[in-house]
Amino acid sequence: MMGPLAERSGNRNSWSSLLIMPQRIDDLRPRLEFFRSRIYSTLQMCVLIAGLAAMAAATMPNIRPELRFWLSIVLWCCLAFYTFELSARLWLRQSSDRGPAYPLTATGAIDLLAVVPVPIALLFGLPSETAWLLASLWLLKVTMSVSGLSLLWRVISLELRALASVFVIFLIVLLFAAVALHLIEGPGQPDRFGSLPLSLWWAVTTLTTTGYGDAVPATFLGRAIAGMVMICGLGVFGLWTGILATGFAAEHRRRDFIRNWDHVTRVPFFRNLKPSAIIELTRMLRRVDVAEKTVVVRRGRRGDCMYFIAAGEVEVKLEPEPVRLGPGAFFGEIALLEGGPRVATVVTTVPTTLLVLDVSDFRAFTAIHPDLAQAVEAEAARRGGKG
Amino acid sequence: MMGPLAERSGNRNSWSSLLIMPQRIDDLRPRLEFFRSRIYSTLQMCVLIAGLAAMAAATMPNIRPELRFWLSIVLWCCLAFYTFELSARLWLRQSSDRGPAYPLTATGAIDLLAVVPVPIALLFGLPSETAWLLASLWLLKVTMSVSGLSLLWRVISLELRALASVFVIFLIVLLFAAVALHLIEGPGQPDRFGSLPLSLWWAVTTLTTTGYGDAVPATFLGRAIAGMVMICGLGVFGLWTGILATGFAAEHRRRDFIRNWDHVTRVPFFRNLKPSAIIELTRMLRRVDVAEKTVVVRRGRRGDCMYFIAAGEVEVKLEPEPVRLGPGAFFGEIALLEGGPRVATVVTTVPTTLLVLDVSDFRAFTAIHPDLAQAVEAEAARRGGKG
Amino acid sequence: MMGPLAERSGNRNSWSSLLIMPQRIDDLRPRLEFFRSRIYSTLQMCVLIAGLAAMAAATMPNIRPELRFWLSIVLWCCLAFYTFELSARLWLRQSSDRGPAYPLTATGAIDLLAVVPVPIALLFGLPSETAWLLASLWLLKVTMSVSGLSLLWRVISLELRALASVFVIFLIVLLFAAVALHLIEGPGQPDRFGSLPLSLWWAVTTLTTTGYGDAVPATFLGRAIAGMVMICGLGVFGLWTGILATGFAAEHRRRDFIRNWDHVTRVPFFRNLKPSAIIELTRMLRRVDVAEKTVVVRRGRRGDCMYFIAAGEVEVKLEPEPVRLGPGAFFGEIALLEGGPRVATVVTTVPTTLLVLDVSDFRAFTAIHPDLAQAVEAEAARRGGKG
Amino acid sequence: MMGPLAERSGNRNSWSSLLIMPQRIDDLRPRLEFFRSRIYSTLQMCVLIAGLAAMAAATMPNIRPELRFWLSIVLWCCLAFYTFELSARLWLRQSSDRGPAYPLTATGAIDLLAVVPVPIALLFGLPSETAWLLASLWLLKVTMSVSGLSLLWRVISLELRALASVFVIFLIVLLFAAVALHLIEGPGQPDRFGSLPLSLWWAVTTLTTTGYGDAVPATFLGRAIAGMVMICGLGVFGLWTGILATGFAAEHRRRDFIRNWDHVTRVPFFRNLKPSAIIELTRMLRRVDVAEKTVVVRRGRRGDCMYFIAAGEVEVKLEPEPVRLGPGAFFGEIALLEGGPRVATVVTTVPTTLLVLDVSDFRAFTAIHPDLAQAVEAEAARRGGKG
C-alpha cells in the first residue's frame, strides 16, 4: 500500500543523513526525501500496526497487569514516534517556507490529530483505556500513502446527486416498511416492533440485507412485506453499484489520460506523430512505475507488449555486454514485430517509469499509422546492426 | 440534497416580500421564487426532520406524559406548516392560471397527501398514535427536491423487461427451493418448514442473503440445497446490478448531452466551430452549478481544467483591480496553456452555471481542432495585454 | 410481464372465434392468435396465481377441512385449464404441420410438465399434499412470456468460462476456510465445527454474506479468518457482478441493433441515407411497442424525442380534423426543430411499433448528416402548408 | 470446467498408448497429449470429487468403523493417483528437457503440494484425521484447467491500487465503528462489546452485511451508528464492484483482441482487406472452440451469424453428398444475405476453432466495407453453381 511513494526513492542510507545537523537550507532536501523512502514507510507501517494492536489489546478486561504495562509502553512509544514525526515535519516545513502553515494542510491536520487528542484526554481525567481509544485516529495516517483515494473521492462527489437520489429511495422504503411492520407486528411483538424506532432498526438491518435476526416478523402479512423490503434492498444496492461503476469508469479514463500525456510528450520518438495520433496513443499506453533492479522482461517468455522509457534507465542483458537505455528509448519491440519469445532480459537500474503498449494496441495503431511501425522497425534494425 | 433548487435563487430577504399583499399578477413571481429559495428549503428540511422525529418518538410506549404533550405540539405545528404551504401554493397557482389544476399535479398530490390523511384518520376515530403514523407521508416531500430521481425512474422503466426476467428467475429459484426444503426439512422442523409459506419465508431470507437465522436447515441435503440457493442469490444480484449499471451508463450520457447542449449553444465562443466539433465538445463539457460568492479557482493551486460561463458572473481577483466576466466568457485557460499553477483567484458574484473542460479533453480536442486552441490563446494574449 | 406478447394482438372478441369449429386450415390462424391475446394472458396469470396460492395454502397443517376442500377444487380447475391448453395446442399444432413434434419443443415440454407429473404422483400413491407440490412446475409457464430470458441465458453462456473461474476461487476459499475453522473451532464447538461438512456449512453461509448466525466462531484466530472470508465474499461477489455487467452491456447493444435494423430498413425515409449513416442511426434509435389507443405524445408537454412509425398507425389530433399516419411516417419533429412544447396529441389506433430518436441523438446525427435534418424540415413544412 | 483443455484433443484410445514403453523421444508427444485428453480430465475430476468427499466424510465423528476403513482406502488411492501423475510428469518433462525444472513451475508446485504434505504430516505423528485435511490442497489442481483465472488475476493486479484504497476506507470505517460501539455498548453488553477485539468482530460482520446476530447493539445511539455502518458497507461493496467491473471490461476487450488477431490473419479471405478493416473485424469476431462431431448450424433454424473456420474442419450436410470445408473457409452466410432460415446442417469432424460474425456486425461492417459483402456473395454464388 505504501509502494507508490516508496518507489520514487531508493536511498538506503538515509538514516545517517538525518542525524547530522544540516549546514545549509539546501541540505534539507535529502532529509525531506527521507520521509518518502522505503525503510521509513516500512517503519511507519510497523509502528501503526503495533500501536493499533496494543490499543485493541489494552481494552481487553482479563489481561495480566505485567502485559498491560508493556502494552502501555508500546502505546507511549508510538505516540513519541508520531510526536517526533510531527515536530520534524514542522521544523523542516518551517525552514522551507512554501505554501500555507503546516498544521492547516490535510497532512498536518492528520499529524496533529495523531498526537494531540490522547494527552488532552488523559489531562482531562478520562480513564486510561478510554483515552487511548483516540489512538484509532492513527489509522488516518494510512490515507496519506494511498494514491487512489482522491480518485474515489472525486467519483463520489461527481455522482453525489445520483447517489443522494438512491438514498432518498432508501429512506422512503425504510420509513414505510418500518411504519407497516410497526402496525402489523407491533401488537404481537411489542418489544421488537412496539415503537417506530424499534421498527426502523428492523427495517435498516433488513434493507441492507444484514439480517441480524434479533427482530423477525411473525405474521404472514409482515413476512410478505419483509420479503418485498429485501428485494428492494437488492435493487437499491444494484442502483448504487451501477452509479459508482459508471462514474468510476469515466474518471479512470480521464485520470489515466492526464498522467500519460505528460510522459508521452517527453518521449522524443512520439514527437513526429500527428497530434490526433498522439491523443490516440496516450489513450492506449499504460503507465507503470517499476522499482530499481526489477526484471521487466525475461528472456524466453512470450512477449505481449513493448515498453517506452518515460523516466529512469534499464539495462538490456545482451550477450557480449549489456546495453543501457535511458528516457525516450524503447525495448521489447522484437517480440511484437516477429511474434517470437523475448530475446533478452531487461532489468531496471534505477526507479523507472515505463509506458506499456500492448500488442493489440500496437497492431491497431500501426495499421492506421504505419509511420510508427516503420520507425520502430528502423530503430530495431539499427540496433541489430550495432549489437 | 436541497442544493440544486436553492442554488438558482439567492434572495435572502424574500420573507418580507411574502408578507406584503401583491398589487398585480406580476408581483407573484418573486413570491413563487420564495418557494425555491435557500432559507425556505432549509426551513422545510428542519420541519420535516422535526416532524418525523416527533412521530417516531410518539410511538414509544414508555414516554412521559409531558414530553408526549410537546411531541403532539410539534406534530400539529408541522401539519400547520404543510397546510399553510399547500394553501399558499393553491392560491398562487390559481391566480397564475397555467397548466392543470394544482392538486392533480405530482407536487400537488404530494402536498395534499401531507395534509389530508392525518385529520381524516383522527376524525374516523383512530387512536392518536396510529393516526399520526400517516405523517410518514411527509417524507415524500423530499422527492420534489431530488433532481436525480427522474433519471433513476427512466433507467428502471427502460430496463423493466430485463429486470422482470431476472425477477422471474428469482421467483422460480424461490419456489423450487421452498418446495425442496419443505419436503426435506418439513418432517424434522415442522414449525419452520412445515408448510410452504413458512418454507417460502426461509427461501426469501436466504436468496436475498439476508439470513435472519430464525429458520436454518438441519439435514445434509437441506444444507446442500441452501448453499446452492445462496450462490443463486449472488448470481441474481449480479444480474440485477449488471442490468442497472448498463442502463445507468447509457442514460447518464444522454441526459448530460441534452443539458450541456443548451448551454454550449449560448456561448458565443463556440459558434464558429463546425457542428461536428460542437457535438464533440458537448460530450466533453461538464456542467457545474455554483452558488454565489464561491471560490471556483484558487491562486497557486494546480489547474486541471478551464471554465466557460454559461450563465451568471465571476470576478477574477487580479492585482490592480478585479475583473468581472459575464456569460460567454472563459477563464482558467492559462494553467492549461502554460502548465503552471493558477495565476488568480476567481469567485462567483451571483449563482453561476459553468461548463468545465478538463485538461485531457482540452488537449484531445485542440489537437484535432486547432482553431479552438488558437482562439483561446488569442483571447488570453488580448487579456494579458489589457490586464 | 406478459405485455410484450399481448401488445401484438388486440382482438377482444377472440373468445367466440375459438368456440366455432374451424372449417378450413386457414381458420386456424386467428385461433392460434388467441393464445397471444391480452385477455388470454391475463386469464393465464390469474390461473397461475390462484393455483400456486392454493398449493401453498394446502400445505398448511392447521387448515379447516371445508377450506381444504375448496383449495383442492381450485387446484383441479387449474390442472384442467392446463390440460385444455395443452390439448388445444397439440391439436392446433398437429393440423398446422410445421416444425418438430410439439411435446419436443421447449413450450411443449413446459406444457407437458404442467399437466403430467401431478396425476402420475397421485397414481403412484403419494399423499395428496406432496403430490400437489409438483404444481410448482406451473411457474415455468411464466418463462414463455418473458422476452428477456433468452438474452440473460446468452450472456451467462458467453461468460461461462469467466464465471466458472470465479466459482473455482469461491470453492477454494470455501474449502480452505472450512478446514481452518474445523481445526481452530472444532475442539471448542464440536456440534458446529466438529466435522468438515458442518464447517463447510458455516463457510458457505459466511462467504455468501448470508450469515444465519447458527454457527459463529468464538476464538480470536477463528474470528480473524472469518473476517477475511467475509471480505473475500464481497470480492467474489464483485467479480461476478463485474463479469455479468460487462457481458450484459455488450449483448444488449448487439440485440438492440438486430431488432432495430429490420425496422429501420422498412422506413422509406431512411433509404436515401448512406449505409454508414443507417448503421449510425440504427445504433441511436430505440424501439418501442405501443398498445392501441395509447397516447404517445401529449399536447403542451416538453418534447425530447421524435418518432418514426415502423409498423401500425397513429392519429394526430389536429384541430379541424385528425390526421392518420401509417408505417414509414414520422411525428414529434416540431418540438425538436423549434424547441417548444408538443403542438398536438398523438394516439395510436392499432398496436404500433415506434422508433424513438432522442433529441441528443437527433442533434448529433443532423450535425454530421444535414440531409436528414433538411428532409425532416421539408416534410414538416409540407405538412404545415397542408394542415 | 475442464472443457477448454479437453476440446483440443479427442483421441479416445490414448490409454493404450501410455502403457507401451516409448522407443524414441518423439513417442513422448502423444503421451504428453494424453494428459490433456477428455477421458483423462474426466478421471481427474472423479478422483478429485471422490477424494474431497472422503476427506470431508472422514472428519465426521459418528461414522461407523467399517465405513471409515473404506474412506481411508479411497483417500490412499487418490494419493496414489496423484503420486503416479506427478512421477509421470516428472519423467516425461525430464526427457523432453525444455524450460525450468518441473517442480519449480506453477503446475509442478501444485502437483508436489498434492502429494507431499499428507505423508509428511502422518510421519510427524499428526492424528490421521488432521493429516488428511491437507488433502484439501488437491482442490488447487482445478486451477490448472480453468482458463479464465489468469484474466481475473491480471484485472485484480491492474486495479490493485484502487482496490487497496477502498480497503483503507473499509478499515477506517471498521475501526471507528468498533471504537464507537465499544464506548456506547461496552458498559451494557460487556461480553459482546466489552473489548475492542469483540467490537471489531461485530463491526466486520456488520460492514460486510453478513450479520450473524451474535452481537447486536441495544441502545438508540449504538443502533443509529450500526445503521450508518451498514449503509457504508453497501457503499464499500459498490465501489469494489465498480472498480472490478471497469477493469474487467477493459481487460476482456484486450484479451479477445489478441486471441482473435492470430486467427483472423490465418483466414485467406481477410487478407485483401485494408489493415484498418482487419482491426475492426478483429474487434467484431467472437472465437468459439467446438469439439468434434458437434452440430454448429441446424437446418431450418433462424440464422443470426456466419462462421469462418480458423482451424479444424466441418461437414456441410448437403443433399446429394456432404461437402467438407477446411481452415479459411466460411459458412452460414446465406441466412445473413437472404434473411431466411439455415439451408443446411453443419457438423464439425475434428475439434474446430470458429470465428463467429454476428448479423449486426456483418451489416455494420459490409455497409462501410462493401468489398467483404461482395466477396462473400461471389463465393456463395460460386458454391450455389457448384452444389
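Order of writing sets the labels: A, B, C and D. Residues in every chain begin at 1.
In the analysis below, a contact is a pair of C-beta atoms (placed from the backbone, for glycine too) under 8 Å apart; a residue touches a chain by one contact, two chains touch by 3 or more.
Model, not experiment: these values are computed from the prediction.
Chemist: So what angle, to the nearest 5 degrees, turns chain B so that its CA atoms land on those of chain C?
Modeler: In degrees, rounded to 5: 90.
Chemist: Report same or different for the chain A and chain B interface, where same means the shared residue numbers exceed half of all residue numbers found there.
Modeler: Chain A vs chain B: different; shared/all numbers falls short of half.
Chemist: Let me spell it out: compute each chain's centre from its C-alpha atoms, then which one is farthest from chain D's centre?
Modeler: For chain D, the chain whose C-alpha mean is farthest off is B.
Chemist: Per the definition at the top, count C-beta pairs in contact and tell me whether B-D or A-D has more.
Modeler: The greater number of contacts lies at A-D.
Chemist: Taking each chain's centre as the mean of its CA atoms, how far is chain A from chain D in angstrom?
Modeler: Those two chain centres are 29 Å apart.
Chemist: Calculate how many whole Å lie between the centre of chain B and the centre of chain D, each centre taken as the average of the chain's C-alpha atoms.
Modeler: The separation of the two C-alpha centroids amounts to 41 Å.
Chemist: Identify all positions of chain A at which a residue touches two or more other chains, and write them in rising order.
Modeler: Only 197, 209-213, 237, 241, 243, 245-246, 249 qualify.
Chemist: Provide the residue numbers of chain C that touch chain A in the complex, in ascending order.
Modeler: Where chain C meets chain A, its residues are 209-213, 241, 245.
Chemist: Quick one: in the complex, what on chain B touches chain C?
Modeler: Residue list for chain B touching chain C: 99, 158, 161-162, 164-166, 168-169, 171-172, 175-176, 179, 182-183, 190, 194-197, 200, 206, 209-213, 216, 220, 223, 226-227, 230-231, 233-235, 237-239, 241-243, 245-246, 249, 254, 257-258, 261, 275-276, 278-279.
Chemist: Hey, which residues of chain A end up touching chain D in the complex?
Modeler: 1, 4, 52, 55-57, 59-61, 130, 133, 136, 139-140, 142-143, 146-149, 151-152, 155, 170, 197, 201, 204-205, 208-214, 236-237, 240-241, 243-249, 252, 304, 358-361, 363-364, 367-368, 370
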